[in-house]
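Listed below are the structures to be examined.
There are two complexes below, and they share subunit A, which is joined by subunit B in the first and by subunit C in the second.
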Partner chain A sequence: MEPGVVMDSAADADVVVVGAGVAGSLVAKRLTRAGLHVLLLEAGPATAWSFDGYGAHLDAFYGADAKGPESPWAPAVGVPQPDTADLRGDDGYFVQAGPLKYASTYTRLQGGSTLHWLGVSLRMLPEDFRMRSRYGVGRDWPLQYSDLEPYYRQAEYEIGVAADVADQTYLGVEFAPGYEYPMQRVPPSWSDSVLAGAVDGMPVTLGEREYRLKVRSYPAARNSTPREGYRPVGAVDEGPDGQRLARDLGQRCAGNTACTPICPIQAKYNAGKTLAQAERTNLHVVPQAVASRILVDPLTGQVTGVQYQHYDDPSSPRHRVRTARARAYVLAAHAVENVKLMLMSQLADGSGLLGRTLMDHPSLYGWGLAPGPVGAFRGPLSTSGIDDLRGGAFRARHAAFRVDIGNDGWRANTGAPDTTVAEAVSAHGLYGPELRRHLSTVLPRQVRFSLNVEQLPSLDNRVSIDARAVDRLGNPRPVIHYAIDEYTLAGMAEARRVYQEIFRRAGIEDRTNPDEGSWFPAVTYHGDVLHYHGMGHFAGTHVMGSDPSASVVDVDQRCWEHRNLFLVGSGSFPTMGTSNPTLTMAALALRTSDRLVTELCA
Partner chain B sequence: MSRERLAELLDAAVKLELATIPPYLCALYSLQPEHNREASLVLRSVVVEEMLHMVLAANVLNAIGGRPSVAGPENAPRFPHELPDGVVLDLLPFSPRALDAFLCVENPQYRAASSADPSAGTPTQPPTSRSGPHPSVALNVTAGPTTIGAFYDEIIDLLEAVTRDVGEAALFCGDPGRQITGELYYAGGGAPVVVTDLVSATVALREVIDQGEGEISSPYDADGDLAHYYRFEQLKHDRAYLRSDRMGTPTGPPVGVDFAAVYPMIPNPRPADLADPELIAAAERADRLWSRVLLQIDAAFDGSPATLVDAVQTMFRLRDAMLVLLANPLPGSTGLHAGPTFDWAPPEPSAATGTRARP
Partner chain C sequence: MSDHELFLDLSVDLTGFSRIDLLGTGLTERYLEELHEVLPGTMVSDLLSTFERERANSGSETIPRLLEDEVWGPVARNMIMLWYCGRWTALPHSWTAQNGTAGKNTDHVVSPAAYVAGLQWVAAGAHPAGARQQGFGAWATAPEGLI
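Then we have the complex of A and B:
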């Protein structure tokens, strides 16, 4: 089958999947291994899938002046993407309609945002699925933690997660008896153990209750020491000649301290690893194919095809329009791109919820200088967090949060170590041995916390399109309306209070000063200015539910109005809790894949 | 025909595999950043495989109640280093000459040409060293020049003979707690075999020979990957093998070899070559780290297998120390750069324990 040959009657495949990120790749792997033929359309180039291509991204990162999250991952001209560097101005891919800026980004290349994610692979808490019935806020999921638990296990093996069950059994999170993660936890950093010495057992009060804190290793999608029978998946190299030269690279994390924006050895999971494990005889990947319209039979509501714009040259908007047809269609293009495509096709807006309830984890940085060296700038960007405040009775009144404890000094919040050197030279006039002494005193003591705060679904936070704002292919750019409500702001304020208490207890000199750090948008709360950054955790835009009038997709992520169309990804989340969405998104994608296999193989 | 002879041969095998590591590291770390990606991959892949071979030989020796020794001036390899098959291992930067040596090392049936044996091998290269090579322990314990394949065959034959003689349980009397297990080995090039009897011992040693020999007879493995020997040939010719190619003459596109994008390390660096006090100090630091790696491996082979993980961390520091040398020109030379001497230098006492050094 040639890519994009227009067929008017015959199907190109059993299933067309749009998007080769983590969700689309998992669907493609599972369906092709079940014997189904999958045509996978990817908007961006497939460069990261070959070792040389990945190396070119690495070179782009090495050569970039500003090492932002997107610096290795430039998009094709016809497939623009949000960029952290565009936030300050107003000329990015998103049309920021306010009142606040939506601060997160994603990547439109084959592999998606897993190319530069941190790899945090937390399960959601059982209570996260029942926010309405438990705390009277947000909404309930149409399924429970126990429904998803088997798929969490599968997702942890598909992605390759390193953790110990003993660390992860807290706040009601349970595991099937005898279960262990495929790899041992990544060894905690020196800074983790220094902090644990000061923090473990420390009480903090939220609402009327006291909570005890603990520095806890988090589940990471980074290759570590494998448990019995598991083989870590290293670097991917899909070449036309069939040679996979890079395979024995990346089978262990080597602590390069560059998970974001690019793991130089691919020891961290990216979606290309999953796609490389698909049954290739049943898989047809068409990169550089931008889905632009979903075709629907007006009588039945069934999807009959996906129109896409295929370009040969990533530096040019020249393209041809083609159509792909199949029995079922899976949109796995991203929480924003899924919605954009649905709106462009004028579909599925019966509930009025398509594009609404966009969420993120608006996050604060707290940074300081530890009394002694904590080994900053060594190991993965972070290895532990403080997760005890992810759940609790206070959630009836304000947002929960988790603390990510950095191993990367003040890199994320100020651009250290470069900015530390620049400041020492230009502000303090240091040079020679004195400069070296200063840097070796300051840099190893840099501590950075990132406080990731839950956000609840709000109808006002939404993705829409405007025919006047289009990209080079003529497709609309996403228009984002975004605000942070009282519930989340109160959680942000509590998170700030807690990190300040922790710093005091650990003897860390608080040096948090957003005016001196990297630029981030700000919001005012009770007279306080809170500078927040995005976590890249888009969710809620095509919410799942059990009532067609109050949700876009059902519990299987099947579109209520178009029964052979599935919208997968974090867009389906009714709420997000405080966990990074990737693992839950993966679990849901595997669950949907099983439904598709059952139906289409019947 | 005895257990003592077996232990002698296996200890020599451990040292033989160890000696191949520094030459590969010199070639690997001499590559300048952002060039020679294929060379970097194949060199890394091979050196990790040599580390596995060393672990496999050590597991067999431990299984028969022996004690592999790799630390100390009497056990650490010295360069240039002569193997029983006549290959002289020099410390060289990535170069055609280094590639020729690696092709010999990767071929277990290789034997250096000599007047007595005109049919074998490629012509011997003129020496790069100012002094003669240091003979491998393996060279000393064999009756005469032999191929590496034959060297291992002798060990396997002897294992079988002694097993017949004294019984399997009596021969394989080593403490299983001294074995290096899969979870401790840093990955790449296969997994260690835990050796408890004749079958597992044979599997372990066959793996060592087969990774070389199998590669020569069947260039592609089950995954369709090209064997190391032929990847070195691709580098030598700067041509990729096509599926239709006859082995020995790759005709595909260039694989991206740039011998100029290499730090031109002085061959077999000696402290006297370094001239500059800062470079001498850097070389001493590299020597101390190398010696610490050997002490940690030695401890891992002597009842504390988990110490191997510490050795991995020290190897990262050794890499950084080597890069300092390789990136610096030698004062007064015509463009040659410094390099590591890989001499034994006792590390500070605290380092010898193998416990994790914390910053």
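Then we have the complex of A and C:
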């Protein structure tokens, strides 16, 4: 079948999946391996799927003046995406309706945001699933940690997570007996070791309780030393004759210090790796196909097809409209794009929650100079964090947070090392050997923390559409209403206090100065100005639950009102805790895949 | 001396890196060309002959004088940014109003290769982000090679 050629009279596949990011690719792999035929529609080009195409993205990064997360990943003109660089000017893809700016972004290419994610793969804490019953805030999930634990294990093998169980057993996180991650932990950076020497065992007080801090290795979807029986998956290279994997490249992290925005050797997981492992005879991938309408039988509520706009030239909005039909439909297009597509299709939303309770991890930077060299600008961008304040009794009153320890100096927060050089040359008038000596003294001492703060669901934070704001294909752009409430602001203030205590203890000179750093939006809390950045952790927009009047999808991520339609991804999360959402959304996608296989193969 | 040789000598004095280090980037010609693409008329030759003359007369005061000069100071600082960061920084309007420009005076990375060759990474005891990987686990060891 030619790409985009669709038979209108019969089903094209057993399942149409919309979106070739991590969730959609996992669904496609599992379903095709179970013998089901999958038609996968991807809005963006598939350039990252070939070795040469990926290389062109790498060159775009090298040559980019601003090297933000999106710099290697320019979208097609008809498929715009949010970009950090657009935040300040307010002229980006999102219509920022305020009162605050929503600071996160995502990528609309085949592979999705896994193309530039950091790779951290934390499980959620058991208590994260029970925020209402445990702490009286947020909402409970319709399933528990123990329900999801088998799928966490599967997800860790599917995306290839490197970690040691001993490090990750804390705050109630438990593993099945005898379980081992597929790969040994990624070695902690020199900086982590130096910091651990100063920080481990340090007491901090939150509320009435004292907590002891520890620099803890992050589980990461980066190839490391494999454990017995596991074979790391390297770079992908799709050719005309089909998929090839692992050209002896990327089976082991080699320290390129660029997980975000682009791992040059693909030692870090991206969704293309999963898609490459699908049963190819049962998979039909159609890139450059923008789903634009879900067709529904008005009597039964069953979905009967997905309309999509297929374009040949990524630099042109010219396209043809086609329809794909199947027995079941899975939207895996992203927490925002899933909602956008539902709203564009004017699908019924009895709960009133579609697009509501959008969350993120509004995060603060703290940066400073260590008393001696810590070896900044080397290694995976973050190999450890301080995770002891992800859970605790204080969550009844304010948000939990984790401290992400950077290995890339002040790059994310100031644009270093370029800005460090520019300052030395222009402000300090340095040149020659003195300049070189200054940079050799300062750059290896740069320390950066990112304080990732939990955000609870709020009805006021939402994604909607406005027919007056459309993209080049005529599709509406997402309108985002966003605020940060007292609960999260209080957590941000506590996170700031804690990082300052850590810096003092470690002898790190606090150089945090948002006026001198890269521009980020700000919010005022008790007279303090807090500059926050987004983590790319969109969640909550099509919440799962056990009550159709209080959720959009059920525990299987099946739409309450359209029983052959599934909305998968972090949009289904009732709450997000402090973990990045990828591993949890992967676990949920695998769980949903199993349900689909059971039903459709019956 | 040829412009090429003078450009290298000036670059050594500005950056604190040796001729071998600079030649090893493979970008000497490209950076000299970059100056020609931005500076109008004979300004590149003027800069280099000024450097040659000052060096004969002022010795170690040559670079401080050049950096203080209204015309040559911003250009010399930009040369440092070329070598350290592989990027051209737009000369300010006040400068171009007085001296003109041959065009291309915008903030930009000279080329993918120029980004990778930036001397800032060497000064940091590191490697360019996304290139010249140090090998599995190298980041776990103490930084080396700092002067």
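The rule is simple: the second predicted complex is superposed on the first by the 593 of 602 C-alpha atoms of A that agree within 3 Å, B and C clash if a C-alpha of one lies under 4 Å from a C-alpha of the other, contacts with A are read in each partner's own complex, and residues count from 1 in each chain.
Everything below uses one rule, namely that a contact is a pair of C-beta atoms (placed from the backbone, for glycine too) under 8 Å apart; a residue touches a chain by one contact, two chains touch by 3 or more.
Predicted model only: the values in this text are computed from it and were never measured.
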item	value
Which of subunit B and subunit C A:D86 touches, first, second, both or neither	neither
First (subunit B), second (subunit C), both or neither touched by A:D52	first
Partner chain(s) touched by A:P226 [first = subunit B, second = subunit C, both, neither]	first
In the superposition, subunit B vs subunit C on subunit A residues touched	C
Which superposed partner A:D248 touches (first subunit B, second subunit C, both, neither)	first
Touching partner for A:I262 - first (subunit B), second (subunit C), both, neither	second
Touching partner for A:E156 - first (subunit B), second (subunit C), both, neither	neither
Shared subunit A contacts, counted only where both subunit B and subunit C touch the same residue	59, 62, 190, 252, 254-255, 373, 375, 378, 444
Residue ranges of subunit B in contact with subunit A within the complex	33-34, 37-38, 41-42, 44-45, 48, 182-184, 186-189, 223-226, 231, 240, 242-243, 252, 316, 358-359
Subunit A residues touching subunit B - in the complex, by the definition given at the top	51-52, 55, 59, 62, 184, 190, 225-227, 232, 234, 241-249, 251-252, 254-255, 373, 375, 378, 444
For the subunit A and subunit C complex, residues of the former touching the latter	58-59, 61-65, 67, 187-190, 193, 224, 252-258, 262, 264-265, 373-380, 383, 407-409, 411, 417-418, 420-422, 425-426, 429, 431-437, 439-441, 443-444
Residues on subunit C engaged by subunit A in the complex (per definition of touch)	13-17, 63, 67, 76-77, 80-81, 84-85, 87, 89, 107-109, 111-113, 115-116, 119-121, 123-127, 129-131, 133-143, 146-147
